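Two complexes are shown next, each including subunit A; its partner changes from subunit B in the first to subunit C in the second.
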Partner chain A sequence: MGIFDKLAGLLGLRRREVNVLVVGLDNSGKSTLLNHFKSEESKSSEIVPTIGFNVEKFQNKNVGFTAFDMSGQGRYRSLWEHYYRDCQGIIFVIDSSDKLRFVVAKDELDTLLQHPDIANRRIPVLFFANKMDVKEAMSAVKISAALGLDRISNKPWHICASNAITGEGLQEGVEWLTGQIWEYVDRRR
Partner chain B sequence: MTDAKYFTTTKKGEIFELKSELNSDKKEKKREAVKKVIASMTVGKDVSALFPDVVNCMQTDNLELKKLVYLYLMNYAKSQPDMAIMAVNTFVKDCEDPNPLIRALAVRTMGCIRVDKITEYLCEPLRKCLKDEDPYVRKTAAVCVAKLYDINAQLVEDQGFLDQLKDLLSDSNPMVVANAVAALSEINDSSPSGAPLVEMNAATINKLLTALNECTEWGQIFILDSLSNYNPKDEREAQSICERITPRLAHANAAVVLSAVKVLMKYMEIITDQEFVSVLTRKLAPPLVTLLSSEPEVQYVALRNINLIVQKRPDILKHEMKVFFVKYNDPIYVKLEKLDIMIRLASQANIAQVLSELKEYATEVDVDFVRKAVRAIGRCAIKVEQSAERCVATLLDLIQTKVNYVVQEAIVVIKDIFRKYPNKYESIISTLCENLDTLDEPEARASMIWIIGEYAERIDNADELLESFLEGFADENSQVQLQLLTAIVKLFLKRPADTQELVQQVLSLATQDSDNPDLRDRGFIYWRLLSTDPAAAKEVVLAEKPLISEETDLLEPTLLDELICHIASLASVYHKPPSAFVEGRSGLRKALPAKLAGETTTSEAPSSSSSSAPQVIPSQDSLIGDLLSMDINPPAVIQPAQPAPFGGGVDLLGGGLDALLDVGVGNTATAPPPAQAPMGGGLLGDIFGLAPSTTTYVAPKTLWLPAVKGKGLEISGTFIRKNGQISMEMTLTNRAMQAMSGFAIQFNKNSFGVIPAQPLQVPSPLTPNQSCDVSLLLNTSGPVQKMDPLNNLQVAIKNNIDVLYFAALIPLHVYFTEDGQMDKRIFLSTWKEIPTQNEVQYNLSNMTHNSDTVVQKMQQNNVFTIAKRNVEGQDMLYQSIKLTNNVWVLTEIKIPPGGSLFTLSVKSVTVDVAPGVYQAYENILRS
Partner chain C sequence: MNFKRDKKEEESGEASNPFGNLEKTTVLQEARAFNDSVINPRKCTMILSKVLYLLNQGEVFGTTEATETFFAITKLFQSKDPILRRMVYLGIKELSHIAEDVIIVTSSLTKDMTGKEDLYRGAAIRALCTITDASMLQALERYLKQAIVDKLPHVSSAALVRSYHLTSGSGELIKRWVSEVQEALNSDNVMVQYHALGVLYHIRKADRLAVTKLVSRLTKSHMKSPFAVSLLIRIAAKLVDEEEKPLDSPFFDFLESCLRHKSELVIFEAAHAIINLKNVTAREINPAVSVLQLFCSSPKPALRFAAVRTLNKVAISHPTSVTNCNVDLENLITDSNRSIATLAITTLLKTGAESSIDRLMKQIASFVSEISDEFKVVVVQAIKSLCLKFPRKHATLMSFLSALLRDEGGLDYKAAIADTIITIIEENPEAKETGLAHLSEFIEDCEHTVLAVRILNLLGKEGPKTKQPSKYIRYIYNRVILEQAPVRAAAVSALAQFAAHCPNLLPNILVLLMRCQMDSDDEVRDRATLYFQLLSSGDRALTNQFILNNLQQSVLALEKALGSYLQGPTDAPFDIKTVALASVTSDELKPTVATPGILKTKPAEPKKAPVKEVSFLDEVSNIPDLARLQLGGLFKTCTKQPLTESETEYVVTSTKHVFSQHLVLQFHVQNTLPDQLLENVKVQLDVPDGFRQVAVVAIPKLPYGTPANAYCVLAWPEDLEVASGATIGATLKFIVKDCDPDTGVPDSDEGYDDEYVLEDVDVNLSDHIFGVTRSNFAAAWEEITTEREETYALSNANTIPEAVKNIVDFLGLHPCDRSDRVPEGKSSHAVALAGVFRGGIEILARAKLVLSDGVNLQLTVRAQDELVAELITASVG
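So, the complex of A and B:
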């Protein structure tokens, strides 16, 4: 069965639908990031702060992503947890120019990772060190140190610098996530 | 293991199953799951735990699924306010969906979610939807504004939605206009201040009228309702609105017709053109009649409204009596209502028809209806005087039927007829009495007893009849007991001879055996009246009774007017104002518009009469003015004689005015003569000072305050006694370089208690080098302190510069009172009583008088000569003086024949006054 699946996967016959959760502080670029994956005609020219959540769908290599773009504003972060249970991947977006709030981002990340619905699952976490085009942006390495990413041991994680406006770096991250999801799903089988 | 497992395991029930299904990848499965959730919700199961999962399904392009999720949201958003936030983004997105159905759905759902937290996020999408290109979205959004206003009124006002709503009134689509009107009316109704937040104007009204013809029936109702709240600015506008509304009367929907009737009824109040009103009146009748051919429920509503309309404007339906005739198959509630309207419409023209109808009704089977019919006959008799006879005949016919309840009801109404037409139909009393035994209802019995009592003198066996009632007195209803008591007292007063026993019986029953306080009290009153003054009792008990009014069940006019404004609503069916049955609405009471022309004239009438009042009765000011112009003449005549410069003349006038003002305003009883005023220059002063006999000796003015000490103010003056009053005459001269004003005066305590009797009146400002004469009345009621010298007076004068002090000597003679004449014997004894050490002798040298001139001169100054003796050729005068402080002074003057040296002996208990007295003699005799 496993061999057959893999074969089918390689041949591009098999399709998967996964839910990914897009979280991060407000103004880190979540909605902009997802906007980039939209088809040309449905792209919105203007991104406003999300209230509640937003659902976007996009495709990558036979994987249909249903991305839940959550509101990053402080008072709505408590809503994230309703989606932990049913997601197969997490995208955590960080504003790499906002040094001041790294601690807040770390705090939210820790809360997320310690949540019972997340802690015991080997769920892939993709970090986007967004806004790399901004002059005072920190490098991905520094950010991973600042957030203490090396301490995450039970989950595959990856960090890549990105620019959501131009789409730079996004593809790389999503490629990684796709690969991880295949692995994750196969393992669960 | 704890018992907790029982609770944890339940999680894996239906909810858990649904949850996993909701999160399924398969769209069909998802939709099925949401349907299951909605089904559970509808039957009342709590599926609120699935909120996040259901909301996840929200973002879909499947309209069916979307509707289901929205349905779920409306139900549970309230219980999960935090989670409801998650829906916000979807709403925002859906409001921009290309499909107008989805946009409208989103905005409708938004309005139904009553969660404070998310309302602010919904403002932006709502604003967009109000401007949407699709009318369906706009009309939905308009209603959403009203919903939002209910949740957060302040927000709606701040966001300017009211203005947007107002803009929608001029929308091209009539449905949008209708919904906007509906929303605005609702907002206006719930406005906390009661005042409408959005006022209609002529332009918007015009747009509404245009939309009226094109929109659905419910839209028409909304528009008509809001038109009824509008007050046209003039009659012409009202007329044109009426004309454009009139076609609505032909609408098939009863609510539209009634709403149109409401608007017309309201506007007819404003229109004064009688012809126009009568045309409208004619147009109103057919639609109302048509309403009566619909199903009974609608008929009832129509009849309740017609009841109001008929009370307000009876002429609308006066020719339509026939349609209110009861049909055999009408439900009872319609029958009773029709009967009511029939009576209201009854008039001389149709009374025959009505009576024959009513007589028919009285033979029906339904007891309530028959009773009401009988009552209606009585009311017709009272209302239409010409028909009274026929009504009574009809009632008698009905009594002949001997149907118990008909007879009883007939007797009750006949009592009313008797009260309306006293002494007219007594002939039927005998017929009534035949039915005495059948009466078993208290009201009928009481009525019958009242009739017997009232016409006791015409009924031969009245005493027997009443006695028969008296047998069961204790068992009767209190109404009957009271009536019986009164009737027997009446009977006694009319036929005292043979009913004494009866009246005593009833009085004792009422006062001793009854425990009803009303009855007891009335019994005692009658008893006392009869025992003390039978004539008075007759006057009280048999007094003329006021006739009963024509219509007793009319609504109160203000209530009627308010209800007219609520035609086609529940209020007009209940005949109660909405505030009586709707909670929490403190909205302002509607009232019919005041008649524009008629009302204003009547309201202005009293105000114009009050404004003309001052013209009839001259005010105090002009009275004083009259006095002034009258009395100012004497000084004006004297003026040329005055040698003073022109300024002095003005002063004189000023002084005179002041004095005259005193006369006018102050005490007129003591009226000082005009001479007091013009004490101007020396010459004038002399003329006036000497001429009147009532004025005593006037000492020449002395300088009291030199200008050097008075900071520029120079005061000279003197004291005079005039008409029994002391006054201080002063000349104030301003020697300074600046004007002076604000004069006031005060005295220190002094020997005779002299104080100013009036404020100092100096014409101010006193310009430099100007002088003025002031006369200040004094009295002697002030505090007393002995001064040295005795007649010293310390004065303080204040002006705008400083307070100035000076002293003035008051000549004693001004204290000599007019009642100083002493009886001779008292004089003699007093003279002897006063010890000789109290006698002081003075010499008056160089006198040119003889004794007669002395007597005369002193007399003028209140020194009274008691006796005159001639001793050894010398004239001896004995005189008495009384001072204002009741000190008596006795004097003796020796006048040698032809000599010039007089000897004055002054004797008084208080010897201190002697020098002053001497000085007075000196001054007076030398003047």
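So, the complex of A and C:
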């Protein structure tokens, strides 16, 4: 337990627990990204393609995240929806260098946003334009245009460029998400 | 007071099952809690238990329900509570066959199986392997291989057991894990070693040589695990049984040495294995029995049970070996464990003396109501063998059996009792009247259709021959009024039997049959109409043929023949003489040691023979050279004879198939030389005078290890005497090509001619005769008038039973009315024999035997053909 948690406990502040869903095409860097947030001793040294999903837990500020790291392979994408209803945030990861599959990513995103369990909820969506270090990587702005993010009107969203291997950009994104979750949850009270 | 409290306890006992009144819909509703963002482990564990409980109670989950529940369960992976996690594994396993997309948990389970939490690992492996199909397995291979050699026994065991189960679908893949499994075999852990041996054997078991090597190595290696040694004993016993000379096998020595092992488990397993070997004699069994004898006085009930159960079996095959244990068994009669007591008593019944029967029966009667059906069947079987052994005790035993018949019980149990009574009746004429009376009473209130039908058949057969046949009519006719169609039909047939046998009952039965013609069921009506017409015609010959004599053709062959008759456009009437006869299998008449449910397995028509007859005809139609001969219906297939020793280069056996005009010799040839390919393999015969060879069918190619058939066809000689006693010399002729033993490819195209002399094929009188039973021998006898009679002094027999056996074997006729049983101590005896000669000529014979300084035989033969009658009388002597 970190010092903040102890303090929060003493002051009677309750820690928040949220479930977030981490989705995106296969090989976009979802598992690598979550691995970065894990404590030193529980980090895996080797990331293998996910089959199905994995549950990872990490902390940011006084929010405890339970992340469902979904497999991005075609066969499993249709199974994401089983986890839509009970998540309070979505992290959508894009491989910025995989231009060829932007359309596929857009397609999956549209399906997700139109799903009855998501469509009418003001649930925050965080986009990582990942693999920004790769030479052919597109900028966050261009990706945002390619995915048509400006059409999202009923949900707060945010995009940041990231490098899941070094961790660059991840903190910024997660901080935004934390802030949104406080707001979202408070509003629902 | 006492009673009341019991009742209360029972009630509260039921109420205390928290899952007693679960509703599936409610539970599934509750299972939604799995989706909560904060998981309450205790609550979820409880709900999951309920789901599992329902599944185990056989509650049916639809695919959608199951899938929804399954995905809800997957969310519980976020909780780190170890108890909940293990429930999750169970939930996954139970639902994996019903729910869709269960592979969704693959990564999560892989993580748990390789993770740091040891508690999870074994269970995760089990769950993972249940959700994985062959295509996914490859991706998991390296984890599973690692798990097999894991230092934690439960992880290693889980991986091994799963590998074992996976071998059925993914055998090839698992074969690549042999070195890991070998390593696990050296484990110190008793379970791991056992499981590893199981997997290894499973991988190798198709390869006999590999198994032999494995067993030789392990029998010398002193494995630590008693479980592994027990498994090794089973494998070794299997190998011993496959050996030509089992007792010389080193593995047999191993089995014996295990009788001195320090683990009781191993000792028992070894004793059990030795006793169950195929060809053991008392000498080998006795040490095993002594070991079991010691176990009989063990303080552990499981050991006593195992020992007495095994002894119970041995008592059938080797009663004298078990007699030594009688004192120990006596002590077990009062064992507080009823199963042990039952087995002890029934074992004693099998081995004990006649004088102890009454006492033992009393003992059983005192607790028979407390034991389960399965054990009651054991008791009944013991009684059956007793009746055969001590016919004089039938009164005691029969009254005991009839008491059992009146008790509650399932079909198997009731069938075993009825079967026993029937056997007693058949074996012991003195018991007949009482037995039939008990059975008649029983069908008054018998809920098992098959049983009622069988008993009605028996009443029809045996009832008319009793002193007062009329008393059975009421019982039988009651069935017509009260029962279902199959029983009614059987009752109608039984009535017809009485009418055909007993003229004084005929008028009354005709009235009853007339009523049956109004029945609502087709079969019952048809039977009633047929019998009514036959019986009211007053024609003895007709009633004899269609009511008293049973169908002699094999039903299967008849069906086939009728089928092909209908297909061919012909005006000629169907000739039943072309249909193969049903052979009377000798075991149908033998006093078999009953197996439970024998009533269900024992068909009215012997099963094996017709199949053989029909299938050979199929074979003939597939061989153009034979099909062209238009052989017609098969009359008889004789038993196979070896024409070589069994361990020669070429192993040949011959089978004689007798047709009305032809003799087909089938030669089954096996090439046992891996480095030879044989071509154009045929059998050359020294055709005796009178016979004429009409076809020879060769085997074009005979590689090592795949046997094939060659054929010769001979036309029968006109002269019956020549036809019924001939010796045919035979030589195997072929071309040899040397070849590569591994591939079987010949070294060159050139081969050389070779030949191999075979034993002679003998043709005897009995090859022309097919034994059949006549249920009314006397009536049949009156119908045939052509008769020959001759008297002989038999040189090859010293006792009457021996003479009877020789005559039956020699003539191939079948004894009727059990007349082949010679009452003990009699100096004269008459046997009634019946059969059919090739071509459909009926034969009946009476053989009177008198003991006087050797055995004298007076043989009277009646046949539809004079020549046949003469042939038979002439060939004896």
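List of remarks:
Here is the rule we go by: the second predicted complex is superposed on the first by the 177 of 189 C-alpha atoms of A that agree within 3 Å, B and C clash if a C-alpha of one lies under 4 Å from a C-alpha of the other, contacts with A are read in each partner's own complex, and residues count from 1 in each chain.
By definition in this document, a residue touches a chain if its C-beta (ideal position, glycine included) is under 8 Å from a C-beta of that chain, and two chains touch if they have at least 3 such contacts.
Bear in mind the structure is a predicted one, so any value in this text is a computation, not a measurement.
In the superposed model, A:Ser71 makes contact with both subunit B and subunit C. Among subunit B and subunit C, the chain that touches a larger number of residues in subunit A is C. Contacts of A:Gln88 after superposition: subunit C is touched, whereas subunit B is not reached.
Of the two partner chains, both subunit B and subunit C are touched by A:Val55. The interface of subunit A with subunit B overlaps its interface with subunit C at residues 17, 50-55, 68, 71, 76, 79, 82-83, 86.
Across the complex, subunit A is touched by residues 23, 25, 52-53, 56, 59, 82-83, 85-90, 92-93, 118, 121 of subunit B.
The part of subunit C that touches subunit A in the complex is made up of residues 35-38, 71, 74-75, 77-78, 101, 103-108, 110-111, 136, 139. The part of subunit A that touches subunit B in the complex is made up of residues 17, 50-55, 68, 71, 76, 78-79, 82-83, 86. On subunit A, the positions that touch subunit C within their shared complex are 17-19, 50-55, 57, 66, 68, 71, 76, 79, 82-83, 85-86, 88.
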